[in-house]
């Protein structure tokens, strides 16, 4: 008994120490506030993209972000595919034809420009990374293709465990929304490096991207508020779709699979019981 | 396909299973199905068999459904499907010239036919053909000078050579199939005429294949 | 084993074939008639689950390899091509990426099951060591697989792990450059890792074959840790008893697996691996996949390069010596009250080590890691040898049938003579 209780005492002490140590660390790591959890239409087991929101987000991307950011794995054809912004094929073709794509070489050996087609990917604003850096004060605007899955924030214990149960996967879009709405004047005493801007949510707070969005900047035709907050949510949702274009299908199939497995599991449970019913075990 | 229980009422060949259960039954005073089983009605048998059949059937359906994604992934993917149209400018192609372009990874022959070639194709009686088809069915009305065919021999898939063979159409070097100026099979082992791709004129001198 | 040669083919053709290649008899004896202790609990279904996961990884991996290209400038894009364009490519990739984690969850349960019930003890030492080899091969396979998508974590994980070998005195640098095929992790490294990642699972399958052979030769251990004495009384035939139980457990495991595939497919991965590999910039906080974290914590807890690497490898190697480090004659923790306590302490320590491995190695966290690392080794090298000498085990049942009977009656165990002689 004594051994037992002292062992458990030791384990409890170790647990406390561990929690304490990580808690102390957590405090200084969190000088940067944790992004707010927004209510995303695509969160949770039945969450799906809202095509209207994706269309608005696409507009923000096209008119604002795409001036500096590429989206190399986004193809014009994707705009008309299932589970996306639900543009018609004609609309997607129209968007594509607004862009000039470099093709070639032709029979004379020259590269040439032609209007975009559905099979083209979204044209990058700069011919290469160095050109992009040169035009942006030395900083490279990251590609949008999987950016919403490439960003996250520290959740810590026990939040990271509960997230697995509530199926929370929207850390990337939370962060993007927070970043886009997180521009502020640098607090007194903070020395901003030349060319950098103060952002509450950016790691280190000094970000090369100037505040990209302001109220009223992009015209919405569906009556949604034309605010930085709304723009940020919409473009973040759009980026999530660009990063995970099959989310709707995934969750739909997932639901069918779950139901199927539960039924099969139930049948197997009774079969197993029946098979074992004549054996003591 | 019901799963059969090795039970004492149903001794199983091989001894071991039946023996084991009898022993368990006798020595361990286990009250289980076996005791009941001696007086088992056909009703309980049916219910049990139903459970086994239902479980097996649901499992089989699941296994089949699971196989689908693994089969489907072999089909052309979305990026391949998106490349399925090719646009061709015909203006640089001189009369009497055949050019080859690519569509879906296949060679497409575009033949700018001379009046003599058109005439020989039109004048051929259908009775001379292995795969009878009039020339008019192989070209667009008013554009008879343009023959657009898939450049794959209908025998076993080689690419025939242009302006060769007895009919001055195509000759396949692999096993000697001969096609005429309309791309119709005339001699050799190939069974069918050269296939026509779907295409349309967008202007007088431009076509879109696919 | 009894029951092994009872198979008699019925048809003439079957008899002709069987007398030339007795494969149906082999299947019959190992998957149908094979006697299974009747007191096994659900911890014993993880062997079947592991076999299933190996097949699942091989099937999904072979399909991924049909679309993947191991070439540094395009590998990241190819994985995204699988995710976006290939029919159900997202599903197959999420099955494979999460499948690796499920494989490790199952193997850890399997290993801890063996440690709890003393499954490594005579005559199962070789069986156990084959298991440790499978575990090592799995780690190598998963590590190299994680490099293939060529994201930031792929690249820097490969850099850090291959650099472990640079700790070897004198020849370290040469060995590392030989592993890389260059002066840093690069395209040659990616290519050889792909080749080996394709090969190793089949070697695992081979060792699994040996593992099962050894198992069927010595027979399964069971929660009471007593051998089958009377096949008729103590065991049930594999089919249908174990088969149906394994399939049921597998489906329950699949529900768990599907939760990850369909709803939180990126939960176990790291967001930095969605950033293409950049040899010029290391992510702020690099961590290996969760299944390596305890060993990673051990590596970092030693303030010496060579020492850290040796400790890490020793932490795995010590498992192979477990059959000789545990001096107790009694197998199952069920009859070893003290060992049972220490087992759970060890399990908690292992989990905590994993947690510490995920935290930045600094300040208090480092000190805790060191204490936990020390305990990890003390458990194997001090506690287990001594426990066998000083612990007084509870009386062990004479047979499985007795144990089952006792359980049914809810009463005390049928005593197999005096308890004393069971201890050394």
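Labels A, B and C are assigned to the chains in the order they are written; within every chain, residues are numbered from 1.
Here, a contact is a pair of C-beta atoms (placed from the backbone, for glycine too) under 8 Å apart; a residue touches a chain by one contact, two chains touch by 3 or more.
In UniProt terms the chains read C = Cytochrome b.
Given the structure is predicted, the values throughout are model-derived calculations rather than measurements.
If you sketch which chains touch which, every chain touches every other chain without exception. The greatest centre-to-centre distance from subunit A, using averaged C-alpha positions, is reached by B.
Centre-to-centre, using mean CA coordinates, subunit B is 43 Å away from subunit C (Cytochrome b).
Centre-to-centre separation of subunit A and subunit B, using mean CA positions: 39 Å.
One inter-chain figure worth recording: subunit A and subunit C (Cytochrome b) are separated by 33 Å, centre to centre, where each centre is the mean of the chain's CA atoms.
Of all residues in subunit A, those that touch two or more other chains are 261, 264, 268, 271, 275, 279-280. Taken residue by residue, subunit B touches two or more other chains at 3, 5, 24, 28, 59, 78-79, whereas all remaining positions touch fewer. Residues of subunit C (Cytochrome b) in contact with at least two other chains: 81, 84, 91, 236, 240, 244, 247, 404-405. Of all the residues in subunit B, the ones that touch subunit A in their complex are 3, 5, 7, 21, 24-25, 28, 30, 32-34, 37, 48, 51-52, 54-55, 58-59, 62, 65, 78-79, 82-83, 85, 92.
Those residues of subunit C (Cytochrome b) that touch subunit A in the shared complex are 38-40, 77, 80-81, 83-84, 90-91, 94, 236, 240-241, 244-245, 247-248, 251-252, 254-255, 258-259, 261-267, 271-272, 274-275, 284, 338, 341-342, 345, 348-349, 352, 355-356, 359-360, 362-365, 367-368, 371-372, 404-405, 408.
The touching residues of subunit A, counted against subunit C (Cytochrome b) in their complex, run 3-4, 7, 10-11, 14-15, 17-18, 20-22, 24-25, 45, 72-73, 78, 142, 145-147, 149-152, 157, 163-164, 167-169, 171-172, 203, 243, 245-246, 250-251, 253-255, 257-258, 261-262, 264-265, 268-269, 271-272, 275-276, 279-281.
Across the complex, subunit C (Cytochrome b) is touched by residues 3, 5-6, 13-17, 19-20, 23-24, 27-28, 59, 68-70, 72-75, 77-80 of subunit B. Of all residues in subunit A, those touching subunit B in their complex are 75, 77, 81, 107, 117-119, 260-261, 263-264, 267-268, 270-271, 274-275, 277-280.
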